[in-house]
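Labels A, B, C and D are assigned to the chains in the order they are written; within every chain, residues are numbered from 1.
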Amino acid sequence: MTVATRGELEGETITLNEKSASPYFSVKDIHAYYGESYIVQGVSFDIAKGEVLSLLGRNGAGKTSTLRTLARVDTPALKSGEIWLDGKPLHKMRAFEAAAEGVQLVPEDRRIIGGLTVEENLILAQVTEPKGWPIEKIYEHFPRLAERRNQEATTMSGGEQQMLAVARALARDLKILFLDEPYEGLAPVIVQEIEKIVQQIRDIGITTIIVEQNAVAALRLSDRAVIMDTGQVVFQGTAKEVLDNEQLRHEYLAI
Amino acid sequence: MFGNLSRNDWLLVLGFAIVVLVSPWTLTPFGAGYPALLQKFCIFGIFAMGFNILFGLTGYLSFGHAAFLGVGSYAAVWSFKLFTMNVIPAVIFGVLFAGIFAVVIGFVSLRRSGIYFSILTLAFAQMSYNLAYSVLTPITNGETGLQLTLQDPRIIDNAFITPGEGLPQTDLFGIPMNGYPGFYFCAVALIICFFLTLRIFRSPFGMMLRAIKSNQNRMRYTGFNTRPYLLTAFIISGMYAGLAGSLMAVTDPLAGAERMQWTASGEVVLMTILGGVGTLIGPILGAGVIKYFENIFSSFNDRILEQLFSFLPDAAREVAVWFTGLFVGEGWHLTLGVVFMLIVIFLPGGIMEGLQRIYNRLGGGSGPGAGAPDTAAAQPAE
Amino acid sequence: MDAIIIQILNGLDKGAAYALIALGLTLVFGTLGVVNFAHGALFMLGAFCAVTFNKIITWPIQPPKAEGQLFAPPAKPWFEYAFGDLGASIINWSVPISILLAIPVMLLIGLAMERGLIRHFYKRAHADQILVTFGLAIVLQEIVKKFFGANPLPQNAPAMFNGTADIASWFGLTDMFIVYPWWRLIYFLFSLLVIGAVFAFLQFTTYGMVVRAGMRDRETVGLLGINIERRFTVVFGIASVVAGLAGVMYTPILPPDYHLGMDFLVLSFVVVVVGGMGSLPGAVLAGFLLGILQSFASMNEVKGILPGIDQIIIYLVAVTILLTMPRGLMGRKGVMED
Amino acid sequence: MSKLIFNRRGILKVGAAGGVALAAPMHFVKGAFAEDMSCNMPTGDTVTLGFNVPQSGPYADEGADELRAYQLAVKHLNGEGDGGMMNTFTSKALKGNGILGKKVAYVTGDTQTKSDAARDSAKRMIEKEGAVMITGGSSSGVAVAVQGLCQEMGIIFMAGLTHSNDTTGKDKKRYGFRHFFNAYQSGVALGPVLKEEYGTDRRAYHLTADYTWGWTQEESIKNTTEALGWETVATVRTPVGAGDYSQYITPVLNSGADVLILNHYGKDMVNSLTQAIQFGLKDKQVNGKNFEIIVPLFSRLMAKGAGDNIKGILGTTNWNWSLDDDASQAFVKSFGAEYGAPPSQAAHTCYVQTLLYADACERAGTFFAPKVIEALEDFEFDGMGNGPTLYRGADHQCMKSALVVKGNENKQSEYDLLKVVKVVDRETLTYDPAIFGGDLGPSDAKKC
């Protein structure tokens, strides 16, 4: 038996199955729109604490939109469905409120803020609670950023910006991390470096969702995988199941 | 030839024509059944409808459309002064010159988009206004406005008839163009413009403009050159404005520089948005509402209000008169401001959206998009 | 030479007003993404803060009507009755002192406007924003007209700033004749002070850094747990205070009337766009640039060659700049282009 | 007359018949075209006048004061109140029972100080509300535009505040009448006073509002001052509504001029004067003389806007409430009792115009416009505050005295802003109507 979750209190019927606990992060039948276009069409999945999940699928399958919906940014707009993180109803929150609950999205284009230095980008992440790693600790782990702390952040290379984006997420005390295409557009050497960082994050035990074109690279780090197509979930399973399923790989991942 | 118009469209044109032509009777109970105001309804209806072809279809917000109105007026009055009091050449000149003006301004302004386009058009219109007001006085007669004089050559008229004593009137082959005949002339012009607008809305050209509005960038990436389409729309809407301007001169042969001022350009933007951007009828309704307010509300004075509230006891009457006095007479601008705000806040799609909602509530439609064919084209401003 | 220097001064002074208004306008646009047509009205309201303050402290105490006089003799302000010489000098300094009134009042007006109206329009089309704020501008000016009438209401600068400064002699230029009104010099310096304060706030405080970040990318700032909209409300309040202060201090130069805001509105939009939408330094630069060009175009020598140039110079420059520099002097790509 | 006219009439008839068939409602079928019917002749027991004044825009305060004067005039015409100038007016045709026994009613409209808006609003009053006469306006452009409209529609227009020579000069109309003086008369009136106060050796610099009224005023004043022997250093055109005039004022400093003439009115005048004073022009010494500023057309409401800056500045005005003749006193008393403040010159001219129209109808015995025009033309009267006055038939301009005034240095009341320096008599101000050209046009009645 477990303690009643928020879901139960709100009249949600939860069948107590053999896991006997509500999942750490739970997505229930979310539907989201960009204006009139129906992008996310009823996606549901759960993640356990500390798990790493790959969200895979072809271009335009709705992966990024799903991540953005989960991070509660204004677009796409969530029309229905629920998102729960550790008993907190994210679907009722806006991005800044979700961030206060420990949600962090590292967007695919990194969204390093121009006109600000590297250090200012990091300070920005610690303007509000909950704060994560102190900035000095970040510099220890990312010596490159320390070197460039007073440089305008957008003048750095793509890989460095990706580092900063991840570092910025770590500067907050995060419960779940959404990584959107962390390797996109980066040279192989840099990819390796980033991969190492993601590995570290995983080792710390931060629950993570990775969206990645490079499915193989993503699956290497993941416990489980969700495959999407045209806004819907077409497969859920372990990372290994995906790697072993030729047809699945061929049909949805082109690998 | 008119293959792109459905039966419903024809009915719409017919219905519209009937509504316009009977308006002298139907609008009288509202105090609007007199020629000068009815003429204004038609003229500004044309102006707003033309503006909507640019703004409603392509999303390009011109803030200098009044310049074309002014050019149309000046051209028409010059036609009266130089050639003949017949209105047909005046209208042709008005539309033509406004068109030429639109080619030049449009060609330059359309090199930019968004607010930069708006400011470019605003700048051109303000330059026209300032120059017309002062330096160009020989052409425009400055602040007073261009008027007919007894010394005008009027070469065509004078070749056939001896001028009578006093200033001649504008005429359509003998029918003087003031009062109700003037209104009917404008009304016919409005109906023709409505028909043309409907055709543009339904044509592939109209579809193309809408496509530009919804995704200009994508069209650019595909190597598609949108500018000729935009320029054509700009010129067409400039010509509508020129027609409106020349009709103003037809019903009242005077052309003033303030017709080109930014406030006049702003007015047509307000009319269009008030009525409903991108809708067929909306801009005409918007024009009607604003002109009605301007004419009717500004004419109220304390004495009329006293009569209106005469049934109240003295103290209550004073309060009522004072309070309503804030919004009418010299306070009519306040009413206008409040109405804009209310409409934009509560009816983002303008009056047309309001009508659509009422229509739906009355059970006429079962859901969005099920309304009248013209409102189906309604879409929020982008 | 003297003439040119004086025209530069004129341009700087004119530009100071443009820059202050455009600064606030850009601040609001850059943060909230709202095209605020009521910004000119805020400038006007600021000016009327000075008028109101002056009205309050000079509330007339009517001496009794003499026998046979139809209208009473000029009244004496009650402040003079109540506080004697101190009262008189407060009245003398009423314009600068009314800044103290204007700051809280304008802040409140700004916050109320943003919370009550503007916030509902963040995601609406720019056209809707223009319409609703334009409607608001009309309403505000009509209310002011109702209370203060349509005539300009002259406000005096403190007596010690009446008259002119002999600027040439400051620099020991005895062969030149350059005088300039004290109050206009003060206005110019005041504007630099305000502009400097705004930039310092944005550049050197964490709050300012957050705002700058929000102007660049409000979504990401939101993802970092910051409620940027609340901060932008404060920014709106600041913009409103800046416009208000510009208005207060302008009253001795231009007697304010209810229409003041509309007179500056179009011009300040041109300034903002020429500067580049969303660029604060651009707005300031464009303000001063257009002010100076306007002054030069008004010189007889120039007008002799190009009659009427002074009436269109601002628009002409705007067209030229926008055609050669697609996004204005310092605009960024993608802002307000569709 | 050529026979082609006849033909044209034929077409006209056919066309008009078509028009009637189309437009059957109201106006076309209203009454047969009787011999002496003109537009909107009252048929019931009231007569409606149209007061077309600026209610918004820069002249809104003047418009409000004009409207007050009109309402007072209506009261007096209807026999209410103390009668004001009706008691001093030399023509005794008005009986205080309305006009020709019909009670006077009125309608109002907002000109917005724009020609278009003013014509729209005049048209509304004529077409919809049946006004038999239109009066008002606070700017020459508007007056000329509305006057032209009234000529076309056959409605008498009694101009309010309009100072341009054009109104009764090149744009004069048979149906338009002006009581207010004009720029030319301002110049003539100012001349001797300028000579007396500032001598004959002066160098003048003009700043002129860049539109028709500004130009006629500049020309008139320039002619006057040059006749005195003054030199004109420069005439500079300034945009209307410029707000900040600093860039036009600074060149005056080093130009060698010792007199600045501001051909501005309204808000422009308030601004340019305020700023000129700020630039220290009044404290300057040039060529060994005190620098002077002249504002040829003054109004008390504008003087109020300029505040203390107006002190000691010369100008002209049509009428001022401080005049002590019986007529002015009666009017000020009546107006002051009603509204608690003295009337402005705009209010005065509007009040007088209304009375003059009513009186003309009484004397003509009809509202029939051509007859009323006849009654107004070359009408001699007195007791309206400007001494003996002639409504000149040749150009419909009143010939009467005008005032040279100075901003009061020592005011006795809040309203005591202008001090009368000199009352310039009618003979001095009378000029040949031919100098401005123009043509009154016909007075034949129009149906409407």
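Here is the rule we go by: a contact is a pair of C-beta atoms (placed from the backbone, for glycine too) under 8 Å apart; a residue touches a chain by one contact, two chains touch by 3 or more.
These are the chains along with the protein names UniProt gives them: A = ABC transporter ATP-binding protein; B, C = Branched-chain amino acid ABC transporter permease; D = Branched-chain amino acid ABC transporter substrate-binding protein.
Note that the structure is a prediction, hence the values are computed from the model and not measured.
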Chain pair with the higher count of C-beta pairs in contact (A-C, B-D): B-D
Distance from the mean Cα position of chain B to that of chain A, given in whole angstrom: 53
Chain centre separation in whole Å, for chain D relative to chain A (CA means): 76
Distance between the centres, which are taken as Cα means, of chain D and chain B, whole angstrom: 33
Approximate Å spacing (C-alpha centroids) for the pair chain A, chain C: 46
For chain C, residues contacting two or more additional chains: 307-308, 311
Residue numbers of chain B (touch at least two other chains): 130, 133-135, 333
Multi-chain contact residues (two or more partners), chain A: none
Which pairs of chains touch, using the document's own definition: A-C, B-C, B-D, C-D
Partner chain B, residues of chain C touching it in the complex: 35, 117, 120, 124-128, 130-132, 134-139, 141-143, 146, 266, 269-270, 273, 277, 307-308, 311-312, 315-316, 318-319, 322-323, 326-328, 336-338
Interfacial residue positions of chain A with respect to chain C in the complex: 71, 73-74, 94-96, 99-100, 104-105, 107, 111, 113-116, 120, 123-125, 127-129, 168, 172
Of chain C, residues touching chain D in the complex: 2-3, 6-7, 10-11, 13-14, 17, 69-75, 145, 149-154, 156, 162-164, 177, 179-181, 183-184, 252-255, 257, 259, 263-264, 294-295, 298-300, 303, 307-308, 310-311
Interface residues, chain B side, partner chain D - complex: 24-25, 28, 31, 33-37, 40, 130, 133-135, 137, 141-145, 147-148, 150, 160-162, 164-167, 169, 171-176, 178-181, 183-184, 248, 252, 254, 256, 258-259, 294-295, 298-299, 301, 303, 329-330, 332-333
Touching residues (chain side chain D, partner chain C) in the complex: 56-61, 64, 210, 234, 236-239, 241, 243-244, 246-248, 250-251, 253-254, 267, 270-271, 274-275, 278-280, 283, 301-302, 304-309, 332-333, 336, 341-342, 411-416
